[in-house]
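Order of writing sets the labels: A, B, C and D. Residues in every chain begin at 1.
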Amino acid sequence: MTLLEITLLTPLLGGLLLAFVGHRPFGGWINVAICAVTFGASLAMALDVFAHGPHLSRGHMFYIDAFNVYLVALTAFVGMTSAIFSRPYMRHEVERGRVTALRLRLYHSMYQCFIFTMLLALSANNLGILWVAMEAATLSTVLLVSLYRTPEAIEAAWKYFILCGVGIAQALFGTVLVYFAAEQKLGAERDDIMLWTVLHGAQAGALDPAVITLAFVFLLVGYGTKVGLVPLHSWLPDAHSEGPTPMSAVLSGLLLNVALYALVRVKMLVDASLQTNLAGHLMMGFGLLSFTVAGLFLHRQHDIKRMYSYSSIEHMGLMTFAFGMGGPLATYGALLHMTVHSLTKSAIFVTVGHASQLAGTQRIDKIRGLIRTQPAIGWGLLIGTVAIAGFPPFGVFISEFLLLMATMKAWPWLAIPLLVGLGVAFAGLFRHLQPMVFGEPPPGQKPVEANMLPVAVHLFLVLWLGLSIPAFLSGWFEQATLLISGVSLR
Amino acid sequence: MDSQLIAWAHAALQALLFVAAAPLLTGWVNRVKCHLQNRAAAPVWQPYRDLAKLLRKRMVLAENASWLFRDVPYIVFGAMLLAAAVVPLVAVRLPTAAIADVIVLVGFFALARFFTALAGLDIGTAFGGMGASREMMVSALAEPAMLMAVFTLSMTAATTNLSIATEYILQAGLVLRPSFLFALLGLAMVAVAECSRIPVDNPATHLELTMLHEAMILEYSGRYLALIEWASQIKLMIYAVLIVDFFFPWGIARDFSAAALAISAVAVTAKLMLLGVVLVAWETVLAKKRLFRVPQFLGYAFLLSLLGVLSHVVLETGG
Amino acid sequence: MLAELSLFSQAIILFAALVLLTSFIMLGQTRTMPLIFTFAWQGLLLAVVTVLVAHVSKHPHLYVSAALTVGLKVVLIPWLLHRLSVQLNMQYDSEELAHPSLLLLGGAALVIFSYYVSLPIVHLSGLATRNTIAVSIAVELIGMLLMIVRRTAVAQVIGFMSMENGLFFSAVVSTYGMPLIVELGVAFDVLVAAILFGVFFIHLRDSLDSLDVNRLNRLSEADDAVPLPETISAPPTGTHS
Amino acid sequence: MSGTNEIPLLLAYTAAACSLLSGVVSVFAVRRHPGFLHFGSFLFLFAAGAASIAAGAWTLLADITVTDQFALGPPWLSWHLRLDPLSGYFLVLLGTLVVAASLYGPSYTREFARRGAAQPLPPLGVFTAFFVVSMQGLLLADDALMFMISWEMMSLSGYFLVAYQHQHPANRHAAFLYLLLAHVGALIILISFGVLAAFGGGLSFDQMRSASVTPLWATLAFAFAFIGFGIKAGIVPLHVWLPDAHPVAPSHISALMSGVMIKMGIYGIVRVSYDLIGNVRWEWGVVVLIVGTASALLGVLYAIMQHDLKRLLAYHSIENIGIILMGLGLSMIFLGSGHAMLGTLGLVAALYHTFNHALFKGLLFLGAGAVLYRTHERDLDHMGGLIHRMPVTALMFLIGCVAISALPPFNGFVSEWLTFQTALQAPVLHNGVLRALIPIAAALLALTGALAAACFVKVFGIAFLGKPRTRRVAHAREVPASMLAGMGLLAALCLLLGVFPTSVIEAMAPITRLLVHDALPSTLAQGWWWLTPIAPQVASYSAPFLVIAIIGVFFIGYVFLKRRAAPWRTGYAWDCGFGRLSHRMQYTSTAFSQPIRRVFGAVWKVEEQVETSALPGPLPRAKSIHHQLHVQDWSWLLCYVPIGQLVLAAAKRVGVIQTGNIHTYLKYSFVTLLIFLWIVS
């Protein structure tokens, strides 16, 4: 029973167990326990990979290398902390009658299935399995989005389902084309040609450029929808604002990362066979468009969760732009940005959840005086937003600093739209944040029972990454950079 | 070493002479004005008698006056004394001129004006506020014009040290410089504004609406008023001597021999008396301007001194 | 060119054309019930093509895929949709299309476009069925067009499912089907999707009391007034009264 | 690296450690025992200030440059530190003001610790500590990463301090504007470092120094650096955040902000243009001179119109930054056209004025804080007669006012005098236009000086002299001794720097040797008594002599006149016979600035309404007159409001995408796919 199998099976079995016992008062604790076990196993696996290098499972079905090992650990960790947060949150929702016992059971089991599908997608070596895992992730979150059964929630869930369904269908066609190109070159009789390791191996260079480019376009549109790149992003704000907050935290923190991971896996294949950096240019264009448009969207939001979902779109656009640029510095910055963004954004969604419970609404102009009512939530939201806006000493600043330096070196004139976008996004975020956090609270606003431990742990980690990146993590990033961009950093 | 000592002694002597002669110039100006307006004129040393009377009289202070009100006369008089020590009156090689150059001289005037305005505000009456506000407005407009005029001189003589500059112009002899003509007119108009003479302010009257300088020192009496009156007389003398040194320096002593000093004393007295007559003629011809016409007047002064600098830069240095 | 192909290849091309035809019928269909039946027909034709390809390319696992297609796309999903429509008494609803002729022209344009797109693949692929790749792409794009145009949720589901058909068809045609494990995964996903659609119909029905998707636009920002920030509207300090 | 060289760096580290400790200690200063904040954290802050002064002074006097490396940040990009005379000089500046603020702070913050106070104490202490440590880090930074981290942390901690009393909407508005412009400034600085890093091949300043940058890119890098640092320094079009942000922070923080934070902008400009880019071009000097003159003039003109004391002082910071930039501009012009010695003189004048401004602006803000502490009043028109009730504060404030108005015995005059001397050497230049332009700039500097004097006569006259205008001001008492100590330290330094300029300029020689490889040889030609920057015969100024003369006059006056004269008696002020004057008959600050408002009318956007309600009856008698004056800043209306509306309009147009209709969303993905396919094929 290798560590990888434990990491994958625990959430699956947990999901089944919680399907029956999820609604009990200790259901929340079981959820946390399962996530803890998963995190423990993934951490052990990560240390093992760190010690012995990439790990290919027996049937070549799963492949853990420097690129996805820290993502697996990160997914499990954020899953655990969101589970810790979701326990008091869901109990509060149940007390307020917004969620029935049956739905709580559904919530917990779907939560674990969602964690399982993401871990499966990250570790799958077969591109087909990767696609199946992504589709399953969509399906498991659709029910979560429509948990509250309000008309808006159902509408959001329907749109999420249709748009992601169509997107994933494109991705399937892309996968088929990749399979087709591989079959041409490696012969039809071998059954392992869908394995990423094989495709990325020495002889991958010979895949037919025309077909691979076509495949990349379909995959880019497919997985791009899941990453939430503009103009395919429309489902993301609705799904975030209508679903329960723990789900938004996990969705925004992890699912977008997994989709981008899949996209980059495919880009590595395409770069290997194409001489021109066409794939990179497409991603840069897509990323820059999302970055600037999402920045402008921040200014017009009325719902706090929608605002932070647009901030997620903006950051995913920045990461896509960085991966598109492809230099060693940019790739290192993008990998670091993936980590710190998911940590910070999930911490922010935790505080946003408690803030909306405290104010009883998600409308920005009705949330007032957070610091005065409950300092923990007020300061947590303020510092979280400061971190996500890219202020030192937090990690987001370091990754944005590296990205800007790389842009200045490779495409000096592209730095201008980046900086304008950063400025506009910062203005949008803080314009809405200030009235919420500062000022006098409305009469009768009582503090709400909140577990701020996840927020503190996340922000501490981001602060630690901001000040000095530990050697082992930086080692992973450098190996991954070598893998992705082909050029070593030092 | 002893020559240094003698030079310092001469400088101190000249400063005392300067301070002593200041009321004389004012007495002369008042006397000529009375003659021009065919009134019976007071003797030339009348200002001395006024100062002596004031020094003896008992002072009356407003009940709201603070310690600042009581210290301002000394600060103003000290500043004027230092300014007088720096300006070469009869001899040129003045060691004291190294204490402060022409920009510091403008600084002294600003210091004196700053504290007089504060004294005006200290009592808390409308007159003090009005005088201070208007005086600061006029001085704000006069200072750039004065500095532009001074720049013309110091750029020509490549120094801001007054005695070295006067010596340079003396050695250069009679040279027709358009920049000096403009600088002279500019400096004269600024001098009129700074010493609160006719077109800007009326030194003779105590009418609330017309007075600028007088409004600030309305509450002073006794020895404080003496010190302040004396300081303003010294200020008038300094401006007159500046104009004489910059534009008509002939006859000023270049060494401390008795003969040279005697000649330069006579030359300076004659020039100052001539300048007094010109000032009186200017004042009888013109009437006091309305307050918000003064900026236009000072605008012309600035324009003239600016023309001075430009003509120096463009015409005289060439290239 | 068609002549020198073996009889079976010719049959494959014929049935591919028929699948394309069903796509066009669905595009033009306004009533719900015939729409569901046409979808079933498309599934059946697809299964036949898969059997033919399995026979020509001697890939045994394609028979399993064909069986799966028949089970899912011909029997289970149409029956599910039919039962739901009857339950929500929508079977007689019909939906008027804005300008049907333009729509069909659009479909034709899509076919030409997909042919243009698939040219690099066709000249590379050595398979007998290479020239049906263009058709498979066309079926998929028309499925998407169907989703965009139709208003009722059922029609959108049908569009989604016909897109899945197109994808399955291209997999079969271009690479003689994916490895079995992937086929199973895809089939499983489609099945779960179908169930979820059913669940959603009920929610939509009782929340919106109609399946008209166009009425789903609460979450719109288009006409929201941009909240004027404190910075612009707040009077800058320095006033004095 | 011999033993003694290490010490300044160790002192700098202890300084940073002390300020961090003050932050840690203030965390415990909760409501029940505020002593932690008052004595614990301010004590550590005092130690931090003292250590900074020691480190800076040691580097300056011993003229040594020490470098070090920290293993922070990504492994292949560690933090580089460097303590050279330039950063030593600014460390001394920072240390002096931190020491003064830590003396002043304890009793000033007692007001926040009172029962009903709206804000908890710990955030004030923590963010002050971050504010100081980030500035120390900024001065020691030797690579782009550490510089940017310390720079943005300085802005961030400043934001929290400005938003400390966040119950007032105006404070929130000011804090948002401050952080927005600080962030935009930081991003622009990032571009400048990006350009230098691209040429230098790395992020550390040593690589940038050795980089050979083409003139075009060097100008671009300088332009971005100047704009980025200019936003923080508050040059005219970019200054709008400063008059809102500084006044709302607690007074000892406003003193630190106005005194030190905007000087970091100047430090940045000097570091990038003189040190990193190296060969300065004279075109840059012309731009800096023009911007400096504009900032100086507009800064003072806007300051005169203010009637809020702290807002007036903030506007004055803009004026003094303008004067510093004029010095820098002149230095760049002379350096660019090959006159190294005059370039050095300009740089010395600019750096000297930076130190002077830090001192007297800090003193004035602490004075304003003392008045606020006692009277809770910031509006000049509600003050008056404070000299009788707060004599020592009045004396300190007077020294500050005289120093800032650049009047002879004090330090403001020396630096302005040096700037004038640099301007007067214009004929040396070969470029005719410059020879004409520089004297005009000098004349405008004189106008600024005179207007500043007018403004501070108004401030001191209306606030401290005359009769008290409101009841609260009438009952004011003198502030506790510790606050006076803080102010006293700065006042004494103002006098010392004014009277002994030669020794200060001598101490600054290492900086100019480092940056321009030249020093002023003839400063000490005539001994420390005379200041002769260029040459004894060109210009000389002896401040000690001047102070002795004034003391002499006081002595003579006292000995000959006072003792022998009869004692003075008090009487009523002259009231033209109408009877007792009331305090309402005094000039108010708006009345005082009315003549200047009429003369320079076009500079502001003035809206003035006077409504008189007449009494019934034939005679035109007024029952009541209501005067409404509203002076607005043109740059806020012309630059910032349009940009804000532009962004909001773009946001509105962009919002159209999110129609909420699923079909349009599907259309988007469909069209994107088609476009990509078209691009690819």
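The definition used in the following text is that a contact is a pair of C-beta atoms (placed from the backbone, for glycine too) under 8 Å apart; a residue touches a chain by one contact, two chains touch by 3 or more.
Remember, it's a predicted structure, so these values are computed and weren't measured experimentally.
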Comparison of A-D and B-D (more C-beta pairs in contact): B-D
Furthest chain, CA centroid comparison against chain D: C
Central subunit by CA centre of mass proxy: D
Separation of chain B from chain D, taking each centre as the mean of its C-alpha atoms, in whole Å: 36
Gap in Å, rounded to a whole number, between the CA centres of chain B and chain A: 79
Separation of chain A from chain D, taking each centre as the mean of its C-alpha atoms, in whole Å: 44
Centroid spacing, where centroids are CA-atom means, of chain A and chain C in whole angstrom: 28
In chain D, residues with contacts to at least two other chains: 169, 172, 176, 180, 648, 651-652, 655, 658, 662, 666, 677, 681
Residues of chain B whose C-beta touches two or more other chains: none
Shared interface positions of chain C, touching two or more other chains: 117, 120, 144, 147, 156, 213, 216-219, 221, 224, 226, 229-231
Chains grouped in pairs wherever the two touch, ordered by label: A-C, A-D, B-D, C-D
Contacting residues of chain A [partner chain C, same complex]: 126, 128-129, 131-132, 135-136, 139, 142-143, 146, 149-152, 154-159, 161-162, 165-166, 169, 172-173, 176-177, 179-180, 183-184, 188, 191, 194, 208, 210-211, 214, 237-238, 241-242, 299-302, 364-365, 431-432, 434-435
Chain C-facing residues of chain D, complex: 169-170, 172-174, 176-177, 180, 243-244, 306-308, 311, 381, 590, 626, 628-633, 636, 641, 644-645, 648, 651-652, 655-656, 658-663, 666-667, 670, 674, 677, 681
Chain B residues touching chain D - in the complex, by the definition given at the top: 55-56, 58-68, 71, 73-75, 77-79, 81-82, 85, 98-101, 103-104, 106-108, 110-111, 113-114, 117-118, 120-130, 132-134, 136-137, 139-148, 151, 154-155, 158-161, 164, 208, 218-219, 222-223, 227, 291-292, 295, 302, 306, 309-310, 313-314, 317, 319
List of chain A residues in touch with chain D within their complex: 158-159, 162-163, 166-167, 170, 213-214, 216-218, 220-221, 224-225, 230-232, 234-235, 237, 278, 282, 293, 296-300, 332, 336, 371, 375, 386, 389, 391-393, 397-398, 401-402, 404-405, 407-409, 412, 415-416, 419, 422-424, 426-428, 430-431, 434-435, 438-440, 467-469, 471, 474, 489-490
Chain A-facing residues of chain D, complex: 71-76, 120, 144-145, 148-150, 152-153, 156, 163, 166-167, 169, 172, 175-176, 179-180, 183-184, 187-188, 190-191, 194-195, 197-198, 203, 647-648, 650-652, 654-655, 657-658, 662, 665-666, 668-669, 671-673, 676-677, 679-681
